[in-house]
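The following pair of complexes shares a single chain, chain A, combined with chain B in the former and chain C in the latter.
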Partner chain A sequence: MKFTIKRNSFLNSLGDVQRAISGKTTIPILTGVKIVASEEGLTLTGSDSDISIESFITTGDDNADLTIERAGAIVLPARFFSEIVKKLPEDTMDIEVGMNFQTTIKSGSASYNLNGLDANSYPHLPVIDTQESFTLPTKLLKQVISQTVIAVSTHETRPILTGINMVISEGKLFAVATDSHRLSQRVVPLAMDMIDGDKTYNVVIPGKSLVELSRTIDEDVDSVEMMITENQVLFKTENMLFYSRLLEGHYPDTSRLIPDSASTEITFQAGTLLAAIDRASLLSHEGKNNVVKVAITPERVEISGNTPEVGNVKEDIAYVAVSGEPLEISFNPDYMKDALRTFAGAEIKVKFTTAVRPFIIVPTEDDQTFVQLITPVRTY
Partner chain B sequence: MKFTIKRNSFLNSLGDVQRAISGKTTIPILTGVKIVASEEGLTLTGSDSDISIESFITTGDDNADLTIERAGAIVLPARFFSEIVKKLPEDTMDIEVGMNFQTTIKSGSASYNLNGLDANSYPHLPVIDTQESFTLPTKLLKQVISQTVIAVSTHETRPILTGINMVISEGKLFAVATDSHRLSQRVVPLAMDMIDGDKTYNVVIPGKSLVELSRTIDEDVDSVEMMITENQVLFKTENMLFYSRLLEGHYPDTSRLIPDSASTEITFQAGTLLAAIDRASLLSHEGKNNVVKVAITPERVEISGNTPEVGNVKEDIAYVAVSGEPLEISFNPDYMKDALRTFAGAEIKVKFTTAVRPFIIVPTEDDQTFVQLITPVRTY
Partner chain C sequence: MTKGVVQFVEPTRDTSRKIIHIDMDAFFASVEERDHPEYIGKPLIIARHPKETAGRGVVTTANYEARKYGVHSAMSAQKAYELCPNGIFVPGNMQKYRDISSEIHQIFREYTDLIEPRSLDEAYLDVTDNKKGITSATVVAKMIQKDIYETLHLTSSAGVSYNKFIAKLASDFQKPRGITVIPPEDALAFLQALPIEKFHGIGKKTAEKMQSFAIYTGADLYQYNEMDMIQKFGKMGYSFYRKVRGIDNSPVQPQIERKSIGREHTYGKFLTTEEQVQQELRQLANAVAASLKKHQQHGRTVVIKVRYADYHTVTKRKSLAVYLKNEADILFYADELWSEVQGLEKEIRLLGITVTNLDPLSFENIQLPLEYR
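Let's look at the complex of A and B:
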């Protein structure tokens, strides 16, 4: 294998596939990046066996200025190799594989010789044996992930809750996550490619995979193609393949958890409420119980917290409108902060039923496609 | 105690004194910040008993808009209190101390009640019983610290080497640090205030204290006054006092360590050499021995490294001029990188005697007032 390429282009692709590479893997070859050179271009691969990422650079790519002199393949130690590429003195670099997988990296007057590994020993990527796919605008996909991933469980006691449940049905993508204390749900319309509109998919994708996916896909990529098989999902863009395993098991039915009526309703600017909760949480974080209280009357909305070890706090929160029954309710302020951040400063409605029933937060302008639910804390 | 103040001004002072406050102290009251309000203004104090910082805000300060309504003093939990002040909703805040050291912090509609501590229990600051002082331009003081602190030892086996030796004599400040593998030395002229020109001071100031001092003093403060007593040093600016304890014991005599002749001499741009050493060190960091080799002939200067576990590297380094005997010498690249960074990209001379004797680096334009010394590594 021998090729010449612009360092910046190569670093971009290397950075993408590195997201899948973990230093902690038990399979030594997976700490490496696989590089394959063919007539068409370069393919880089990284994997931690949960996630695999493949990135392509074609010989026609003007930014890459790629010249393949000899086809071939090698696996190089990912972290260390990428540090070298970052620090090379010139814009262009040459890579050549010699005897015994010895790989020479040259740029200007600097020359490195690295011990590579046989690319034939690198595990095979999952096979995606379906032609059926859906297309999602990149921006929308990233939004759906960021809005729901906050409610993913971080505990392995119920592994199925560490994923986001995605249901594709009737031309819509329905995404929901819950850690049993809170729930996030978003529905978006879907463009279907080569697929029977009546077909339904119901999968659970690990939250970690979706966070990495969101970080890996560039903002300037318009859309992402999604393909589902029995135990894998593949997200595809022009220059990248992103594979994730699916979680096994049945996701709990969450459809009846969201209350459909409210006895108390307040309209806020999400940013105003977030700042007030944030201030109150400073105090609750110092105590044993991380709880703040909101007292609602027709005249005022007051937030308060009492942590005897350090002190107490109270504040009148500015609101847009309030209606319904007076109420006192206590909750974990961190759940509320996570939820409020997903509204990006828009106007929101908070809908309560009683002090012991879950309450929901929805955008004022659309209470059908996006909802955050939080279970209150009993304080008596 | 009761006062009103602009939050930003207060936060600046609070940030300064917080540098001295450690969460890990064994004396609980030192996790707090002491606030004293008098007719003249506010005094904030933080201390970890090694370093103490006092910061003043006068009632005449336009930016602070300080109004003292009632004099008094309190100690508040530093980290937590500063988080609160940072997040208050309005530009201005009120602080009032009530019964049992209960302290109310108000801003807009937010109101915090904190449990304070009796300011009378706060330790007294060191007494500086000298009128003799020297004045140093802030920029120069920061430069001297950053140029010498790299060679300070981080091991407590010889505590005296964890400090910078500062000798004031004949109108000059002489600063030196060594960890016995390398040495940094800088000499600067000194403006003497109220001091007999013949008097000599010889102290060892903890490297950590000087790093904090450097971070605490604003660039826009012109000069710093320095006062020395038997076991304390005080650095004084218009609005701040910075106290540090001195290290006890005799600093080793370093004057004979610096070779006064050279058999091989190379002139480099510091940045060019730094980049090449940095590249070679990527490889040496992966091996057991963190060593790179430089081979000098009249025709070329080559750096190389060999770490059998991962590979090898070699590079011709661009130089300005080379003279003297051919030489091969090996050294720790990290010591070299630290040293080269202190020259801020200037042109430098590296002067070698033999492969087993220390070599020195000096600025081309002035080889008398600043020198970095590094001991090579024997590789045979």
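Let's look at the complex of A and C:
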């Protein structure tokens, strides 16, 4: 194998596949990045067995200025290799694999010899044999992920809750996550490329995979194609394949958890409420009970927190409108902050029923496709 | 004290409180003597006989007869046996001692609710405003000692003063069946006369370090200025600069929180299979969950303890961001820790699960009713 390439372009691809490579893996070959050179171009692969990322650089890519002199394949230790590539002196670099997987990396007058591994011993990526796919605008996909991933559970007691439940049905994608104390749900329309409109999919994708996916896909890529098989999901862009395993098991039914009526309703600017909650949580974080209380009357909305260890706080929150019954309700301010950040400063409605029932937050302009739900804290 | 550009105000003492420290005399041993009069007058050691445990085990308590031979608590049972071969070794019955301790607390509560238990046999009481309206703390202390003796036939020693530190030193001053009263006007003289190693909180190492600075008594300690004390002994220096001046403003904290709730079990027949371990872990998790519920607590750290046939002991802990209280959650993390122990290569004699980092269950985040299929 031998090729010449622009260093920046190579580093971009290398950085992407490295997101899948963990230094902690118990399988030594997975600490490496696989590089395959063919007539069409270069393919880089990284994997931790939960997710695998493949990135392509074609010979026609102007930014890469890629010249393949000899096809071939090698696995190089990802951490060293990327540090080396980052620090090479010139804009271009040459890579050549010699005897016994000895790999020479040259740039200007600098030259490294790295011990590589046989690419034949690298595990095979799954073959996705479905022709059915859906297409999502990149921005929308990233938004769906960031709006729901906050409610993913970080505890392994219920492994299924560490994923986002994605249901594709009737031309729509429903994304739901819950850790049993809060729930996030977003519904978006789907372009069903090559699929029978009646077919439904119901999968649970690890939250961690989706966070990495979101970080890996460039903003300037227009859309992402999504394909689902029995135990994996593939996200595909022009230059990248992102595979993730699916979580096994049935996601709990969340369809009846979102209350459809409210007895108290307040309209806020999300940013105003977020700042007030943030101030109140300064003290609650110091105490044992991370709780704040909101008291709602027709005249005012007051947030307060009492942390005997340090002190207390009180603030009247500026709101747009309030209606319904007076209410006092306590909740974890961190859940509220996470939820409010997903509205990007828009105007929101917070809808309560009672002090011991979940409450929801929805955008004022559209309360059908996006909802954040939070369960209150009962105090004794 | 002056440090840099600032000058600190000299601390002053608060002598307005009336504090009693009650310490049961050789508690476990006295209980056994009470229930087995045949032990009276003989050296009694609360520990399993070293011959039964192949020389392992430690002394929890020794009666005053046994102490004459130099036997004391925390000593290895083997050493105790060497010092006092004719001693009677009795394994302790913790449940019995716990029950008696709570009866003693009931007596305390007739006088005050400001009770801070330090262990099963020791507690501080703030009787400044007591339920019987008695102005003399000395009278209260004597009445409590009498009540304990008449109800439970056990003797105790009492220390009476205006803070916890001096009350504790006082109760230790005359034992057993003693009462020592240190009024504010006598406190400084009492502290100055005290050998340094008698100060509660000064361990063997600190005492040696103090002696290397020619500090042998409270009077020697008193000579040191605050800055020197802090430089030589850190936070302890700060604290003892005050204590030797009779200053200890720490309140009697009634609901001193339980630090942990746990269960452990020693198996007469050692565990050898994964199934047995799983079954025992489930039972322990169940018992711990029940105890958490009873005490209205939840905690954030799970600890498991595994002791092998050869007494090699492993403990593993995991701390979480959220509170636990249910059997299923406790078992989940206990099992996860057990898989880290990886140990059925040797037979297991003891398993334990403890939940620590406890807090009172004063609030509870409501859970969504998720149904798992």
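Methods note: the second predicted complex is superposed on the first by the 380 of 380 C-alpha atoms of A that agree within 3 Å, B and C clash if a C-alpha of one lies under 4 Å from a C-alpha of the other, contacts with A are read in each partner's own complex, and residues count from 1 in each chain.
To be clear about the criterion, a residue touches a chain if its C-beta (ideal position, glycine included) is under 8 Å from a C-beta of that chain, and two chains touch if they have at least 3 such contacts.
What you see is a predicted model; the values in this text were computed from it and never measured.
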item: Contacts of A:183 with chain B and chain C, given as first, second, both or neither; value: second
item: Which superposed partner A:26 touches (first chain B, second chain C, both, neither); value: neither
item: Touched partner set for A:261, first chain B, second chain C, both or neither; value: neither
item: Partner chain in contact with A:83 - chain B first, chain C second, else both or neither; value: first
item: Touched partner set for A:358, first chain B, second chain C, both or neither; value: second
item: Contacts of A:120 with chain B and chain C, given as first, second, both or neither; value: neither
item: Partner chain(s) touched by A:376 [first = chain B, second = chain C, both, neither]; value: second
item: Intersection of chain A interface sets (partners chain B, chain C); value: none
item: Residue ranges of chain A in contact with chain C within the complex; value: 154-158, 160-161, 178, 180-181, 183, 250, 252-254, 257, 288-289, 291, 330, 332, 356, 358, 373, 375-380
item: Residues on chain C engaged by chain A in the complex (per definition of touch); value: 320-322, 328-329, 332-333, 336, 359, 361-373
item: Interface residues, chain B side, partner chain A - complex; value: 77, 80, 83-84, 87-89, 102-103, 109-115, 275-276, 278-279, 282-283, 286, 309-318
